[in-house]
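Consider the two complexes below, in which chain A is the common component and chain B and chain C are the respective partners.
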Partner chain A sequence: MQMRLINRRPGRPLTVFLALLPFVLALIGYTIASEIRLAANPADKLLPAPGTIIDTAVRLFTEGDRRSGRILLWHDTGVSLMRLAIGVSIAAIIGLVTGLLIGLLPHVRAALGIFVAVLSMIPPLAILPILFIVFGLGEVSKVVLIVIGITPFLIRDMSQRVIDIPTELIVKGQTLGASSMVIALRVALPQIMPRLIQAVRLSLGPAWLFLIAAEAIASDLGLGYRIFLVRRYLAMDVILTYVLWITALAFLIDWALRTLSRRLYPWAGEGL
Partner chain B sequence: MTAYRRFAAGLVLSATTALALVATPAPAQEKTEFRVAWSIYVGWMPWGYLDESGIMDKWAEKYDIAVEIVQINDYVESINQYTAGAFDGVSATNMDTLSIPAGSGVDTTALIVGDYSNGNDAIIIKGEGGLEDLAGMPVNLVELSVSHYLLARGLDSVGLAERDLDGVINTSDADMIAAYQTDDVQALVTWNPLVSAILDEPGANRIYDSADIPGEIIDIMFVNTETLAANPAFGMALTGAWYELMGLMAAGDEAALTAMAEASGTDLAGYQSQLASTEMFYDPAAAVAFTESEALKETMVNVAEFLFDKGILGEGAPSADFVGVEYPDGSTTGDPGYVMMRYDTTYMQMAADGAL
Partner chain C sequence: MAFVDVENIFQSYGPRPIIERVNLAVAEGEFISIVGASGCGKSTFLRLLLAEERPTRGTIRIDGAEPALEPGRERGIVFQRYSVFPHMTVRDNIVAAEAFQTRWGFLGGAGRRAARDRAQETLDRIGLGHMGAAYPAALSGGMQQRLAIGQALTARPRVLLLDEPFGALDPGTRIAMHDFLMELQRETRMTVFMVTHDLEEGFKLGDRVIVFDKPRWDPTDPNAYGATITYDFDARNGGIPFQTIQEDTHVLQPV
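Let's turn to the complex of A and B:
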């Protein structure tokens, strides 16, 4: 009898091969395109050869800037990660608290539910000039852009998760004499913590986007700043190194959060 | 289903176009269809009007070719697109052309030297003061742009250097006006129409501008050297159309000037005030004389040194002379074995002689 496709599973070696295949194909595609362009113009900067990118990467990671002597990549990384961490943490805390309130308290839900839904539709980048004038051009406005960018999503997701908690659990808490406060902290909070980590993982993509946008607009250090600066002379070897580095960082953060979630809340089940 | 199919077809089409773009950098064969890119700036507004008025089409027809004039909203992106081979020509400054296309090995020729900035770029501070007062101040500007060059020249004129400042902060030109209104910003360098908008704010004080370094920030229509060599008709059509419009502008043609003013987001008076700080070469003979002057060589050497000092010529650049620049008299500055930027007065001279 023929086995259905949905029931066939690859063996271990094939799994590894299949996982690597798209990466290898992308690399081959890039190398071919790069070689075609370099054959036409050896000084072409748009698609530098992979070897050039590696040389540039080694230089960026190890050698100091010609004038200041600082290794700019590490400084850029430190500053950007700090902005990202502060922004995402603030957004996560606001999202968690507001989500709990909206999910548990009908009065708050009546007051804020629709407002948050509307708020989440405002494209943050479109109101940048207002943010600048209110929060200045320094660190605050960059963090605020991330917070404004991802908080509405986190609030909405958290509220929905709280509403999704089986009513039986809430009722049971009440029959055991728990107050609203105790239900919030002992019933709802543990239930949605793994969901919060999941939501933060999903919002990291947009958070990076807002971080880079903020750094591109007014900055003197940061990953996004560097990318937009060297774009002025089409230094794609530098840009691609930074892009790969950002991708690696984002992947590591995502992986760390997933591991954290599995350690702390093993009962929350398997996620991607 | 149809909608889905159309979407899928569109996707395949754009993927193919993207691939073609990546794979075909600046073909140099004879051809009949050309594309040039421009972005909004007082001295380049004529390109938009050439397109919408049909003057470009008229001249293209005369030489049996087609020229598409495309407005790109982001200046640097327009140069990058040209460098990548998506366009045959681009409006740019002498400085950015030396650093991006020429620095990337795309041999580029200055076809039409349109104007130089004569006050359009300015250093502005809040309150009273002069260049000396910049010491210890943070300065907001688009880093590595002509603004940065203007700042370097200004500081140099009073014996200061960038390290004497409290740093430069890269600020997008799109947000410069909003940036000025924040307390963090004390000094900035930018260009028109932003300069006039910011000078309208209370307390804004212009302390240095490009009129102090006349003829150093030059706005030019650049074209791919190989494309031009294989297709002189392309050069003739662009130059002919350009100087027909220059004639109209010099004569004060209100319809043309108003259209350009509106396209740049201002009115006739506003546009004329920007033109006042732009030294337009309405007369091709004046452009030829400027391009043939010795001062241009000195400017290009200054620019190359600035670019090298800021690391803009790339890590592969051993010195400021890395890229060669050729002048109408055949002389060069920089590396004569690696000439990637050329000033050519052939076509402007044809316009001056009425030979187009």
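Let's turn to the complex of A and C:
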């Protein structure tokens, strides 16, 4: 009998094959496009051959700068990750605390609910010039851009998650004698912690976007700065190496957060 | 004055009356089953008893105290769903009944050890002693409801409220839970209110079965009138009233 497509599941080997397929296809597509361009013009810089990219990557990861001797890629990575970590941590803490207050306390909800909804509609990049003017061109303005960029989303998501906690559990806590503080600390907080990690994972994409945007405009070190610097020489091999490196970092961070969430909150069930 | 005294309760949501003119006097240690069709205000009445909502008119007093403004430790509750905290282990769910009274919700040092020991005793009593370290998601429906009842009783409430506690259980587990609950009730002499859809369950467990229904019905506007208590059965002795002789007689009794 012909089974419906929605009921047909791939076996284990096929699953691995299907997971790898898009990567292989993308690589083949790129290689073919690169071959075509290089055949027409061996000096073409737009689509360097995969071999060239690997050579460049090895050079970038291992060889120091000719003038200072420092391996710039590692310094770029360190500075960028530091900015990202500080920005995302501050945003997560503000989102968690404000979300708890809005979700649990009707008075705070009445005061801040609409305000946060309006605030989240401000395009963060549009106020980037203001940040550079107010906070200068140093580290602060870059971190603040990340914070401003993702905090409204985190606040809204966290407040909704708190509101979504079944009323039964909140009432149950009260019948066991819990004060508002105890309800917040022992019922609401642990229930939304896995949600916080999930929300942070979702907001890492925008966080990288804001980081690279800020670094592109004014910086002297950082992954985004480097990409926008070598753009002037059309050094596609360097840009592509950096893009792949950023992608790998972002994927690793995402995977680490997911693993952390499963370790710390085994009761929360499997997520994506 | 009765232990639980419900006096002329009205409750409406906006213009829509849900329950009206409800009066009820319950003695300490009585088991009251509440039955009625869906949408007849049973759950609303339970929420009023719980003080999760306050009535539009009328008062509910427990042991003559002022009507409560919000839920507290004198009223315990077991819901049909979300009856225990999913993020705490089975043992911590019982310990929470003691820890939640503290300022920050945590017990420290000796207090925690003592509470854990008491929690283990409770778990042994309700047959969950071996599951202390598991999360509630690993428990069956019947085990979860036993845990919920154990948790509610640990807080030593004056009145225990049960909102269709066995509604989602299979028939076999349900009967086991009946025995469990009757044994606990005999021991603690707790005053219990139980909302149920199962008439047989209501008569089996309850000392009294009260029925919520709408006494007035407007066919052109079904929501015009609220529900009230229409029957109040004596459910002792298998629901057959007048089986216990009230006064002293000289008639020889079978020994």
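One rule holds in what follows: the second predicted complex is superposed on the first by the 271 of 272 C-alpha atoms of A that agree within 3 Å, B and C clash if a C-alpha of one lies under 4 Å from a C-alpha of the other, contacts with A are read in each partner's own complex, and residues count from 1 in each chain.
Note that contacts are C-beta pairs under 8 Å (C-beta built on N, C-alpha and C of every residue); 3 or more make two chains touch, one makes a residue touch a chain.
Just so you know, these numbers come straight off a predicted model, no measurement behind them.
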| item | value |
| --- | --- |
| Which of chain B and chain C A:42 touches, first, second, both or neither | first |
| Partner chain in contact with A:33 - chain B first, chain C second, else both or neither | first |
| Which of chain B and chain C A:187 touches, first, second, both or neither | second |
| First (chain B), second (chain C), both or neither touched by A:269 | second |
| First (chain B), second (chain C), both or neither touched by A:228 | first |
| Contacts of A:89 with chain B and chain C, given as first, second, both or neither | neither |
| Touched chain A residues, chain B compared with chain C | B |
| In the complex with chain A, residue positions of chain B that touch it | 19, 22-23, 25-26, 76, 80, 83-84, 96, 99-100, 103-106, 140, 143-145, 167-172, 174-175, 177-179, 181-185, 311-315 |
| Contact set on chain A toward chain B in their complex | 33, 36-37, 40-47, 56, 59, 66, 128-129, 132-133, 136-138, 216-220, 225, 228-229, 231-235 |
| Touching residues (chain side chain C, partner chain A) in the complex | 50, 52, 70-73, 75-77, 79, 81-88, 96-97, 99-106, 135-137, 151-152, 155, 157 |
| Chain A residues within the chain C interface of the complex | 166, 168-169, 171-179, 181-182, 185-187, 190-191, 265-269 |
